[in-house]
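Report on the following structure.
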Amino acid sequence: MSFELPKLAFLLPRNAEYVGQWHTVPIGLSRQFQAQAESRLFLIDAALLAGRLPRRGRFGHKGTYGHALLLLGSRGKIGAAVLATQACLRSGVGLLTVRTPAVGYDILQTSAPEAMALTDPAADFLSELPELTPYSAIGMGPGIDKADSTKVVLEQLLRTAQVPLVLDADALNLLGANPDLLALLPPDSILTPHPKEFERLSGSARDDYHRLELLREFCHKHRCYTVLKGAHTCLGTPTGELYFNTTGNPGMATGGSGDVLTGLLTALRAQHLSALDAALLGIYAHGRAGDLAARHTGEVGLIAGDLTRFIGPTLQELTTPDAF
Amino acid sequence: MSFELPKLAFLLPRNAEYVGQWHTVPIGLSRQFQAQAESRLFLIDAALLAGRLPRRGRFGHKGTYGHALLLLGSRGKIGAAVLATQACLRSGVGLLTVRTPAVGYDILQTSAPEAMALTDPAADFLSELPELTPYSAIGMGPGIDKADSTKVVLEQLLRTAQVPLVLDADALNLLGANPDLLALLPPDSILTPHPKEFERLSGSARDDYHRLELLREFCHKHRCYTVLKGAHTCLGTPTGELYFNTTGNPGMATGGSGDVLTGLLTALRAQHLSALDAALLGIYAHGRAGDLAARHTGEVGLIAGDLTRFIGPTLQELTTPDAF
Amino acid sequence: MSFELPKLAFLLPRNAEYVGQWHTVPIGLSRQFQAQAESRLFLIDAALLAGRLPRRGRFGHKGTYGHALLLLGSRGKIGAAVLATQACLRSGVGLLTVRTPAVGYDILQTSAPEAMALTDPAADFLSELPELTPYSAIGMGPGIDKADSTKVVLEQLLRTAQVPLVLDADALNLLGANPDLLALLPPDSILTPHPKEFERLSGSARDDYHRLELLREFCHKHRCYTVLKGAHTCLGTPTGELYFNTTGNPGMATGGSGDVLTGLLTALRAQHLSALDAALLGIYAHGRAGDLAARHTGEVGLIAGDLTRFIGPTLQELTTPDAF
Amino acid sequence: MSFELPKLAFLLPRNAEYVGQWHTVPIGLSRQFQAQAESRLFLIDAALLAGRLPRRGRFGHKGTYGHALLLLGSRGKIGAAVLATQACLRSGVGLLTVRTPAVGYDILQTSAPEAMALTDPAADFLSELPELTPYSAIGMGPGIDKADSTKVVLEQLLRTAQVPLVLDADALNLLGANPDLLALLPPDSILTPHPKEFERLSGSARDDYHRLELLREFCHKHRCYTVLKGAHTCLGTPTGELYFNTTGNPGMATGGSGDVLTGLLTALRAQHLSALDAALLGIYAHGRAGDLAARHTGEVGLIAGDLTRFIGPTLQELTTPDAF
């Protein structure tokens, strides 16, 4: 039990067996007081997100909501591409083009007819970066491989992209294995590692607290936003704040869950949200969609594809009703 | 706030930031009076549509409801073909044959088993017009490309078609780039451009009002019905009337939304509705399906495939109950 | 308005415009009296079907419910194969094997994983009859073509099949074009023509009454059950009875609706129901599924694939509750 | 009618026509008394399962819930692979890799994007065992064939697997035809034969009682758990207990039902449940999912794919609520 807010210790995996189920007890502190309190630790809850997702204007058209590009998939992991694609479509993007190796063509067009498929000339792995002019944000990672040709695509992307990036999965592992690539990372990129992927980027953490220190340092050094995925997903920012998520459940610990998050974040970035707003909204909505899905499937029965069905209602809840 | 009916100015994008949310206030004008008032501007609402969609007769069979042909798709945009196909099926057509390049075969037959697939001999683009005898209406555009071979297909279509046409997307862009083709347009065709596509056909508009003038001129000159897509989609007719739609929401500003409209309109034309009735019903039903879908998905989460699920209930609402 | 039962004239298409909506008025005739009245005209309603569909026994296994074979599809019409397959699966068959040309392989296995696919060596048309030993009933027709090779398959089927047959679509057109094949028809086969297909088999009808005479003669001569599809689908039997259906709606006048019926009938025959019981139950359940579907989609929006969702609940209603 | 518990005789197929519908009548025996009574016959009901499925811990991640490998499918039976895959995903596994012949690649990735596909180099049959290091449990059987190359894969699997195995369908038939393979069976494997498959393993049974004796002997000799599928599926254990299931219905007597069970059991084993707990939970949940599905589809209309939708809610019911 804790006054007003949880202690940081409650949110860390290593304390799981000592903490159990916790509750906060209001003691009458005003929200305003809390907001003024000097802290670099925040909870991502509905109050924090108020006003960050504007309502769509009456006269918006496809172009208003951006054109995302997703670089996804390799032989055997086209499913990850499908999940990221469907999640991106469900997150309000105006247009979506998906780049997969040729092996993914029929699968993508059957599973996500709303997306355009710009197939790579190589059959099994990404091998060429397409022309980037049309796009307002680019996501790369779900289902790709660490093939040499894919590393080249990533390097070209980092060198030439003029729009926001979201990087996940083997795009992160390629960065971890090639620190020279990491140096090319454009500012305000969003990275979404799980703890092992993060340690390949940052070096080993001695414990959960040290991992948070490493997260702060990494975000500062690379001027990026890093989503450290876990039970209480933690967003690190270039300026040193840490934001801990309050939504989600252990049913989401299942293959493809992260691919959905990548699609979601890329869509929000493509709609011209700031990296901070996109990351906060995306992390929260992803967990909340999982909570809504689990009401239907149970935690055990939850699969990643279920999440995409509930992204829409979740983003609707978060939309500021009175904005134009 | 406006008496009885909105002002035209409320419906135009350039006034968006000054107008905000508007309401009409009844002041006791009789519907009959309004009907007699001389105006060439109309709202597309349920009252206007009463009686335009007859109920199906008890003894109707597949042949009664027409056989539509859709010319759709190119490599990477077979999804547009899927969406137009599914929408056409949901709009009451008796039979549907879909022509796509060969790359679309498996995708179409998996996604829309109710449609027959008459695959083009070319792999990636439309290259040959099929024999047109069986069909009662033909739609062309969603997902096609501006390839030379496709231009030839369009030209052959315009020269030989004896049944109603619906043209969209790159079929319109090909018309815009080849004014000689535009001269071949059969009377009573329906065109469905968004504003940029329209300006490729009509020349640049100075402002929203000028665009409406251009719309009137274009429809008159080419004896066609033009659906200028937008927040208040506007139908222009050969005789100079403009009809503004009252359904729809900004969640529909998403890739594939227009493909759905093309399928819907082609189905209505195949069922022997007049161009005017088909256009009015199709525009309204498309927006209304979007409004019903958004109740489930939210506006942000809406994708084009959602629209097809709600076309049926919408057309049911519009069906005249007492017709034979 | 009619006493107790409709007049035959109410059920015939040519009287449609004179009859309109009709109702029956009970005048106290006992059901028993009606049953004893000498008539060869019957209505297919719930009362007629009571007791014809036994409840599944507790210890039944896959083998108890038969193994159906469906011969389906050709290039461009694999969708018809999908619809017949899904309907057959939903109608209680223990096992289902589907024979399509090779072009249908991926489509079928993606759309109906519960069915086994025994692909024909030819790419586009059926060309070889598989070994028939495992099967308890066989359906042929939806989506096939009139190719010479397919005619040979049909002929081999008629010559060698030892189990009940259901024939539809181009299987019927092949019979109509090759009267020598018709002579091979095994007794108790079920044929499911629409009026045009029927006239290719029976010769032209002068009017609706004459068509019913031709139906009686045809069923008698070929010792078969013929389902003459229409608003009031009429089943003719070898012994001269005519059964008129009371379920269904004009939304079912859409491509693929008949394919669903073929799957349904083949499944019931595979489960060892008599030709009469299978035909009566299948006709009624098909129409009833359409009525249930139309409550969700509206009549205009109904597509054939919707029917399969409601076959199960319909057959459940018809199951005799107290049988073992 | 029986006091407290059914007699064994009620549960055997050969008595079906004499037993009919039975009920138990409580006579006040305490549950504790029953638990202490010396018996090697048990009913699988909710009480027996209490505490066997722990709730997911807050900080679990994908790795916590295991990585399953499924060896599935052959040309024409990729549908069986799809069903086992979808069921495995719905049963809480952290990650799933599926090995099918190459013919199954597109089908699997379209139907189950959450699974990774590790395609066999052979087109039509399994021919090579992949490297087994990543996996925490392995299932083999649904949709495979008795091809020589597949027999070799099975033999390699039995010789090298260090993790729990689940074997079904033609994997069992290969064991039955090759008793030398049976001798390689790792202890605590789960086998899921139907009665005919079982007799190929154990020799012929004279009657239902003898079959249960053979089941006890077989499980003892091979130190395995054998799920003898039927109306009252019976689990035999290495130590001689027999557990009879109380869920399920005859609508589940349909192709693919067993494939779903294999996926379910493999997922539970991959999550580090004991063979006994996995078998008991899997058998019960499979039948219960069928009971829930039949409420929507009716027994006749039930198909195997329906079961997967209800596995999640069923496992949720069985989850121990107060575990960490």
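Couple of notes before you dig in:
First chain written, first letter: the chains are A, B, C and D, and each begins at residue 1.
Following the convention adopted for this analysis, a contact is a pair of C-beta atoms (placed from the backbone, for glycine too) under 8 Å apart; a residue touches a chain by one contact, two chains touch by 3 or more.
The UniProt protein names, listed by chain, are A, B, C, D = ADP-dependent (S)-NAD(P)H-hydrate dehydratase.
Computed from a predicted structure; not experimentally measured.
The chains in contact with subunit A as well as with subunit B do not exist; no chain meets both.
If you take subunit A and subunit D together, no chain is in touch with both. Averaging C-alpha coordinates per chain and comparing to subunit C, the farthest chain turns out to be A. Think of subunit B turning onto subunit C: fitted on CA atoms, that turn is 90 degrees, to the nearest 5.
Interface residue usage between subunit C and subunit D, two copies of one sequence, is largely distinct: under half of the residue numbers at the contact are used by both copies. In whole angstrom, the spacing between the mean C-alpha positions of subunit C and subunit D is 37.
For this pair, subunit B with subunit D, the centres built from the Cα atoms lie 52 Å apart.
Multi-chain contact residues of subunit A (touching two or more other chains) are listed as 106, 110. Applying the touch definition to every pair of chains gives A-B, A-D, B-C, C-D. Subunit B makes touch with subunit C in their complex at residues 53, 55-62, 64-65, 89-96, 105-106, 109-110, 112-119, 311-313, 315-317, 319, 324.
Partner subunit D is touched in their complex by these residues of subunit A: 13, 16-17, 20, 75-80, 82-83, 103-104, 106-107, 110-111, 194-195, 230-231, 249-251, 253-257, 296-305.
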